[in-house]
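For reference, chains read A, B and C in written order, and residue numbers begin at 1 within each chain.
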Amino acid sequence: MTALSVPSVPADLALARLREATPLVQCITNSVVTGFTANVLLAVGAAPAMVDLPEEAGIFAGIAGGLLVNLGTPTPQQRDAARAAVVATDRWVLDPVAIGTLPVRTALAAELLQSRPAIVRGNASEIIALAGLGSGGRGVDSTAGAEEALEAATSIARSAGAVVAVSGEVDVITDGTETVRVPGGDRLLTLVTGGGCSLGATMAAFLAVCDPLSAAVAASVAHAVAAEHAARTSSGPGTFAVDFLDALAALDPSDLRDREAHLQGVS
Amino acid sequence: MTALSVPSVPADLALARLREATPLVQCITNSVVTGFTANVLLAVGAAPAMVDLPEEAGIFAGIAGGLLVNLGTPTPQQRDAARAAVVATDRWVLDPVAIGTLPVRTALAAELLQSRPAIVRGNASEIIALAGLGSGGRGVDSTAGAEEALEAATSIARSAGAVVAVSGEVDVITDGTETVRVPGGDRLLTLVTGGGCSLGATMAAFLAVCDPLSAAVAASVAHAVAAEHAARTSSGPGTFAVDFLDALAALDPSDLRDREAHLQGVS
Amino acid sequence: MTALSVPSVPADLALARLREATPLVQCITNSVVTGFTANVLLAVGAAPAMVDLPEEAGIFAGIAGGLLVNLGTPTPQQRDAARAAVVATDRWVLDPVAIGTLPVRTALAAELLQSRPAIVRGNASEIIALAGLGSGGRGVDSTAGAEEALEAATSIARSAGAVVAVSGEVDVITDGTETVRVPGGDRLLTLVTGGGCSLGATMAAFLAVCDPLSAAVAASVAHAVAAEHAARTSSGPGTFAVDFLDALAALDPSDLRDREAHLQGVS
């Protein structure tokens, strides 16, 4: 008797599929990280497109392989674009940036959650705030560890039917039943703006080629391994961000296979 | 008897003039590539300014040496800014990003084309869609080769009185009568967001110092040569983007002169 | 008898405090430089957050340690967000980008100046235009040297009760009584988009931990020293921007202490 493996599509296979498919990934994201996010998607093997007009976002979501909705700087147009896009696809990621104290994005995150994202990605403070269990952290800064948000993540996963990924020193990813922990990465990634936001985009890319839990784990593993590679060659946050893109582009599926083995030990 | 040379201002002379003039280049462009585009303009020797408010764009277009209108993320304000700017100058470049399926930008591109851009730059799918001969590609991704868009490019060039530059492995540039092909560059440039968008900006910079055909060719040659230099020193798309800026800034007009000789052989 | 030292908090102590506090810094800034600005703030030791919705900006300004209002691409929403934010905090920096000829930002700068920024930072042309003594330069390009703007800077400092920092080959910083000159830096910083804008953000970060004159000087010294370090390792504007981030992150307070000694000689 063999147990179902968790996740069902291992990260190495997911990456091989992604490279083969080069899926279009639509990003409705904040103005700070657009360029870096697009470069991360290109490096990982996807084709980014930021289509965030209300009149165009729904049309494009129907064509795209995956969609990211990131609430970092949600202009009125982006809010309407997000509403139009999330009803046009099931393959979308919600990143509730800095919700909690700030009213516009907090209300919007609650509203969009009703449209059943495949994945919710955030830091611990954001996930706790989204579950209605806390008031949020300091903007994009999390004041709580990922493990502290496990109860909130599980609650959202069960009520919204989504995979919830909490970013931290160890990423905690749950579908409400199974929980996967992805260790690794590097502290320097927290000194690069868009480190977390681009992870949400990579999850959206993987949604084009596998199920939500597999997609969230594969993206998390890919970013962790690439960050470790970049940390070896860089000498600060500037060179790290650049080398991270090189490392993502150079990732071989086998680099993730070794990490999979480690994952199965901790899940 | 001596034939007129095509283009009339060779790229090396155009670059020398640009460096001397450091023209102001106004960019009404998409939110993904603003930073990279500005850095490309600075590296090539121009002074970028993104002035994209409706109340200011026309005033600034009258002062600037060149103008780029890129339709990547055309907010209502940028659309009005573009309308105000293009009637205030003849030295402008239209980049019809991802037109075809998406209605707002497709209609806007058709409208702006009536105001006679000096240069239209796009990938093959965009140029084919602008000519009304196809439905567009996959967003910024072209699904056709540059050569396949030659008929569409020639048609636009003749009807709109513009130079049309189709980006691809070999760039194809036509004024409707003469066609110039610029080979070279590097595949890594397609893995950097803003690779194509910044080429449109560089064309706008060259418009400040020479005629449209010469400007389009000089920009294309400068980007191709700088990309080749950067490919030699980089180890992936991250370092490539950085080294490309260094290479642009280090370009000597004589680097382009050698390429000119090659061009005349293929034009 | 001991004279008061100018500035009262030396740059090395200010940096040590900043690293200890990791203050939240709110940026209402232009779309070209958001990513680079956020990375500069992370490198220097602060936590950036671009909260620029009218409904959220005032709330966040009350929480943040410092606020930057940069008028580079002031959309109607950002203008309202700025109005809401500047009345919620005293610790804010006004960067009147490209004012003079362009009407929207010029009127807004005059209006916001009434809300008493702690620091005004600009190039000479912008400061002269803000004082009503000239028509502005060429967008972000200054056509005047910093020293030429000293009269204008002193006038604004006295009437608005602000510290005024004029960026140039030598930065000139005055509170209307004392004037500090910060030499150094590197010309390559002028070839990186956001070089000046990010300096305003760093000043906002230092406002969280010291008085305005000390904050402006500490930021100016930190950028100058980091630029000198980056100039040694880089080979053009692309690598310079990257190495500048590494250098900022690697700054030791003692690096600024040596520079303080030099400062006291010229102040």
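Quick notes on this structure:
The working rule: contacts are C-beta pairs under 8 Å (C-beta built on N, C-alpha and C of every residue); 3 or more make two chains touch, one makes a residue touch a chain.
Predicted model only: the values in this text are computed from it and were never measured.
Touching chain A and chain C at once are the following chains: B. Under half of the residue numbers at the chain A-chain B interface are used by both copies of the sequence. Taking each chain's centre as the average of its CA atoms, chain A and chain B sit 33 Å apart. Looking at chain B, residues 31, 34-35, 241-242 sit in touch with two or more other chains.
Chain contact summary for the complex, chain B toward chain C: residues 24, 31, 34-35, 38-39, 42-43, 47-53, 55-56, 59-60, 63, 77, 241-247, 249-250.
Chain contact summary for the complex, chain B toward chain A: residues 30-36, 72-76, 98, 101-105, 138-141, 191-194, 234-239, 241-242.
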